[in-house]
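Notes for the one structure printed next.
Per-chain numbering from 1; labels A, B, C and D assigned in written order.
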Amino acid sequence: MTGLRYSTHGRDMALLTAVFTPFTAAGELDLDTVAKQADDLVAWGSAAAYVGGTAGEGASLSTEERRALVERWCEVAAGRLDVIVHVGHSSLVEARGLAAHAESVGVKAISAVAPYFHRPDTVDALVDSCAAIADAAPTLPFTYYHIPSMTGVSLRASDVLLAARERIPTFAGVKFAHNDMVDLQRCLHLAGDEHEVFVGVAKLVLAAWQWGARAAIGSVYNFAGPLFRRMLDHAARDELADARECQLLAQQVIDAAAWYGGELAGFKALGSLSGVDCGRCRPPLVSPDPEQVAALHAEVTALGFLGRVR
Amino acid sequence: MTGLRYSTHGRDMALLTAVFTPFTAAGELDLDTVAKQADDLVAWGSAAAYVGGTAGEGASLSTEERRALVERWCEVAAGRLDVIVHVGHSSLVEARGLAAHAESVGVKAISAVAPYFHRPDTVDALVDSCAAIADAAPTLPFTYYHIPSMTGVSLRASDVLLAARERIPTFAGVKFAHNDMVDLQRCLHLAGDEHEVFVGVAKLVLAAWQWGARAAIGSVYNFAGPLFRRMLDHAARDELADARECQLLAQQVIDAAAWYGGELAGFKALGSLSGVDCGRCRPPLVSPDPEQVAALHAEVTALGFLGRVR
Amino acid sequence: MTGLRYSTHGRDMALLTAVFTPFTAAGELDLDTVAKQADDLVAWGSAAAYVGGTAGEGASLSTEERRALVERWCEVAAGRLDVIVHVGHSSLVEARGLAAHAESVGVKAISAVAPYFHRPDTVDALVDSCAAIADAAPTLPFTYYHIPSMTGVSLRASDVLLAARERIPTFAGVKFAHNDMVDLQRCLHLAGDEHEVFVGVAKLVLAAWQWGARAAIGSVYNFAGPLFRRMLDHAARDELADARECQLLAQQVIDAAAWYGGELAGFKALGSLSGVDCGRCRPPLVSPDPEQVAALHAEVTALGFLGRVR
Amino acid sequence: MTGLRYSTHGRDMALLTAVFTPFTAAGELDLDTVAKQADDLVAWGSAAAYVGGTAGEGASLSTEERRALVERWCEVAAGRLDVIVHVGHSSLVEARGLAAHAESVGVKAISAVAPYFHRPDTVDALVDSCAAIADAAPTLPFTYYHIPSMTGVSLRASDVLLAARERIPTFAGVKFAHNDMVDLQRCLHLAGDEHEVFVGVAKLVLAAWQWGARAAIGSVYNFAGPLFRRMLDHAARDELADARECQLLAQQVIDAAAWYGGELAGFKALGSLSGVDCGRCRPPLVSPDPEQVAALHAEVTALGFLGRVR
């Protein structure tokens, strides 16, 4: 059985964290911090760690680093937390190698973006690429990660879902990281109970929950998991005004972080304030300097964010 | 001395070939074919092989394959041909590793595109990335490869040139693969005699030559080098009408190839007809099937192309 | 008082119809059909006719035609239906003239897109343009019509809302025609009870309703008003599964129409099947031919659409 | 005979000026200034005035203003200068009216951009639109004005040329305002001696001249006509280094103007310094304030521009 279902038919929503990759001040992989990250996710109830994706700067790591990171996550998760590994790469050879490695070390599932240098032009070509990757880890569920802003591949995720489930035996669903709620709705409709749709835009989580989504993956949960949990608790109790207030606070925090360093570097700076410090982003991303981090800290505090974290 | 100058002050233009990477029918690296490629380039007078770039599907190779390919090119070039290696990667760690490897095996120069998953937002961030790569091969000239259609990084190449030459001791110039002739002109003006600007759009070679460019890198020379040499001979003798006729024939051939498989897969199919057969492209690129290749062959023959190859 | 509020605090949602402009077979304005359109809207309970917008092909009409059309709508609405007039134009002089005319003939409100040939680059410049138009009809509420796909102006609607309400005394709200639900949510939050946000994407109506939106403007109501009314009735009774089924049927119908002629020409062809026949679109839009219209008719019937219209 | 040929087979190039529209301080049409503009163009040898195009802010004028402006140009040109009128509009009805009016007042030729709100999706639909306009002035040559940055219509100009000359009896050629030199070259090749290709990017004039272009239309000639004339004189005498120096100075001046107010508002501010003062741009364009104009003046003077005007 290759499914990867976090949704239930209840009113709860699973939050999977697209974990940051911790770096030392010198920019080296900092594997010691991974255990703290895992403890934190377990503490607030994240359903899984999604490792080496966009937030994890997987594309900025070497293949060797990606393997070491995955191995470390498997050690520290130790049955407390699912580990889902992003294995996407511009090279399908590398992606297949990462997939096979992930399977060999016992992860829960794999996931991949579209190839992002030479890019597939058609849904068929994209699904062929996904199939090649999935085939290298035949016992693991495979989730297509749709993120056109990074890959430049804008083929509709719902069309990919339709084709992929016919072609890929282990196809499990879609991680949807795009503001286009129309395509997201169509994914949710098509997925039914067979496949999972992971909401990948933190600002749309409540709207997607209202529509029926029951699983999300995001980087914002690295530092704001408890806020989203509270939001979802309100939602489950039909306290929509309160839920919306949580969502809007999250949006303000996200906008503040983006102002100081783009979403990723700003988010990572917030992680250092409110959760586990994973250091700065690797180049080519530019991280806020200490003064900017302090200003960001002050700004989100003024919004009332930190007091709500726990 | 870290320069990489192919331009002279004369009327000739150096043609460097962005070589295809040969694959077997099974899609494996076919290193045996590299010697034939080198012989062909020497035969018609290509100044260098640019290895592992866009045409070489470098981003679709594994790191290990990229290294093996470079080593093979160094063996077969054997002083007859310069070898310039593209070491760009979404990960600067991998790019630096490829740069150091290239230096260790004795290539002439390195070159890199901008990081293309997490992307630099500013000229400064881009030049920082280039500097990190160049620094890993401190004895080799470094050329920035500007190709916004693939990388999504549209920062003006002329602005990069201005900043990079202040920051990178081994900065050698720009490979310019974009239709924007305004930015190309500015690059040529700023480069002066200090830096090289490689024209990277085959359809603009004659226009750029008229403007003063004296070096080009392209994939079209894999199969149409002699046609471009003839074009440049006409140009050097002020036979501009004849030169333009060659350029327009090249454009028709390029358009025909693009029609059948996109520029790269179509070009590679032409290579199989008129030069050295390097097989099909790797996924996610889709190659024309045998019938389409036959139709393309017929079409370019009707244009009068094959008869002009030699 | 310049407000233009259709939202109540209840669970109902007002549907305003962005009415087609009827043309004769020769492409001339067909004012005789307008009365039938008005009757139809009154029959199913549309709150208003939005005249001369994108669906109304306002930009394809002459100024004289736009005036005649507005006058006709005022006659036939006759207190049964609000008339809101789109007065946007590439020329602010023309837009102001249309605004003053609209005021003189007794419409309920005006609305305008951003200038779309020379375009405002900043929120300030855009709000200046809106202010110039609003000022020409000082007794009428003014609604900014956000539709980046047509205007090429992508400034965030929520930022426009924030600035416009400070600058424009008659500012009434935003018609939001864009898939970006994040910006839509921010508009709804900022608007509060003071301003109206009209959902302008038919596929997002239910999601926006769940989020709290209580007014929509769209062209789809020309032929599918009753379906959306039924959807909203389900929603108001917390029958979300049924509501979602209506929304998904609407989406399939929209996709079918778009397939045959782009959203607008395809929609207009559906109007001819299920409501009032407004003829074909004007060039440069291309309308489906009779065979295609028949195929579209068959396709939406197979989806179960026509049977649900009433 | 409907041709509109400015090219000869010689080495000279005709410069047609896309004239600014003069406004008073209050933003009203300032018809008194038109005579001065015409005198200036005659003085330095511009071949024609192109009226009401992008630089002329035609889309920001009312229809009535556009007619008045054209009539005034016909009066002041008085056989000294050709008058070519831009009649493009989002509405083909208005465009046809402007075309018929232009014919009735004795202009030399008409020209139009693609419809730019509802946009043609295919070459066929675009050529249909052009045909509808051309047909309203059947004795006048018609030139398609290709400017994707304003219209959002990116269909290749060379494909339009191919189709338009089969369909439109009065088709005269293309005004090409786009940096894509590949498409420009194809236009020049296809045009041959039958049709005219007007280079519409000032920074590409010399490159296009080298390629064989012999006519250009641009707004930069409002203030830098003499500089371009000098450039072309050098080119005609094979003094390419000098010609290139003129082109590069022009590019620096253009970049300086764009910095202060975007190309159009900045250009108009330069007009006030070095030629005939046409006032500020209309909204939604934002014009530099007096301090910025002074700074721009200082900057281009430092570049050596003003001393070279005459």
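One rule holds in what follows: a contact is a pair of C-beta atoms (placed from the backbone, for glycine too) under 8 Å apart; a residue touches a chain by one contact, two chains touch by 3 or more.
Protein names from UniProt, one per chain: A, B, C, D = N-acetylneuraminate lyase.
The structure displayed is predicted, hence computed values, not measured ones.
Chemist: In contact with subunit B and with subunit C at once: which chains are those? Just list them.
Modeler: Chains in contact with subunit B as well as subunit C: A, D.
Chemist: Report, in degrees rounded to the nearest 5, the angle of the rotation taking subunit C onto subunit D when the C-alpha atoms are fitted.
Modeler: 180
Chemist: From subunit B, which chain is the farthest off, judged by mean CA positions?
Modeler: C
Chemist: Roughly how many whole angstrom separate the Cα centroids of subunit A and subunit B?
Modeler: Centres of subunit A and subunit B (C-alpha means) sit 36 Å apart.
Chemist: Could you tell me the distance, in whole angstrom, between the mean C-alpha positions of subunit A and subunit D?
Modeler: 50
Chemist: List, in ascending order, every residue of subunit C touching at least 2 other chains.
Modeler: none
Chemist: What kind of graph do the touching chains make: line, ring, star, complete, other?
Modeler: Basically the chains close up into a ring.
Chemist: Could you list, by residue number, the parts of subunit D that touch subunit B in their complex?
Modeler: Answer in residue numbers: 179-182, 185-186, 189, 201, 203-204, 206-207, 210-212, 240, 244, 247-248, 251.
Chemist: Which part of subunit B faces subunit A closely enough to touch in the complex?
Modeler: Answer in residue numbers: 54, 57, 59-63, 65, 89-94, 97, 114-122, 125-126, 128-129, 132, 150-152, 262, 264, 281-286.
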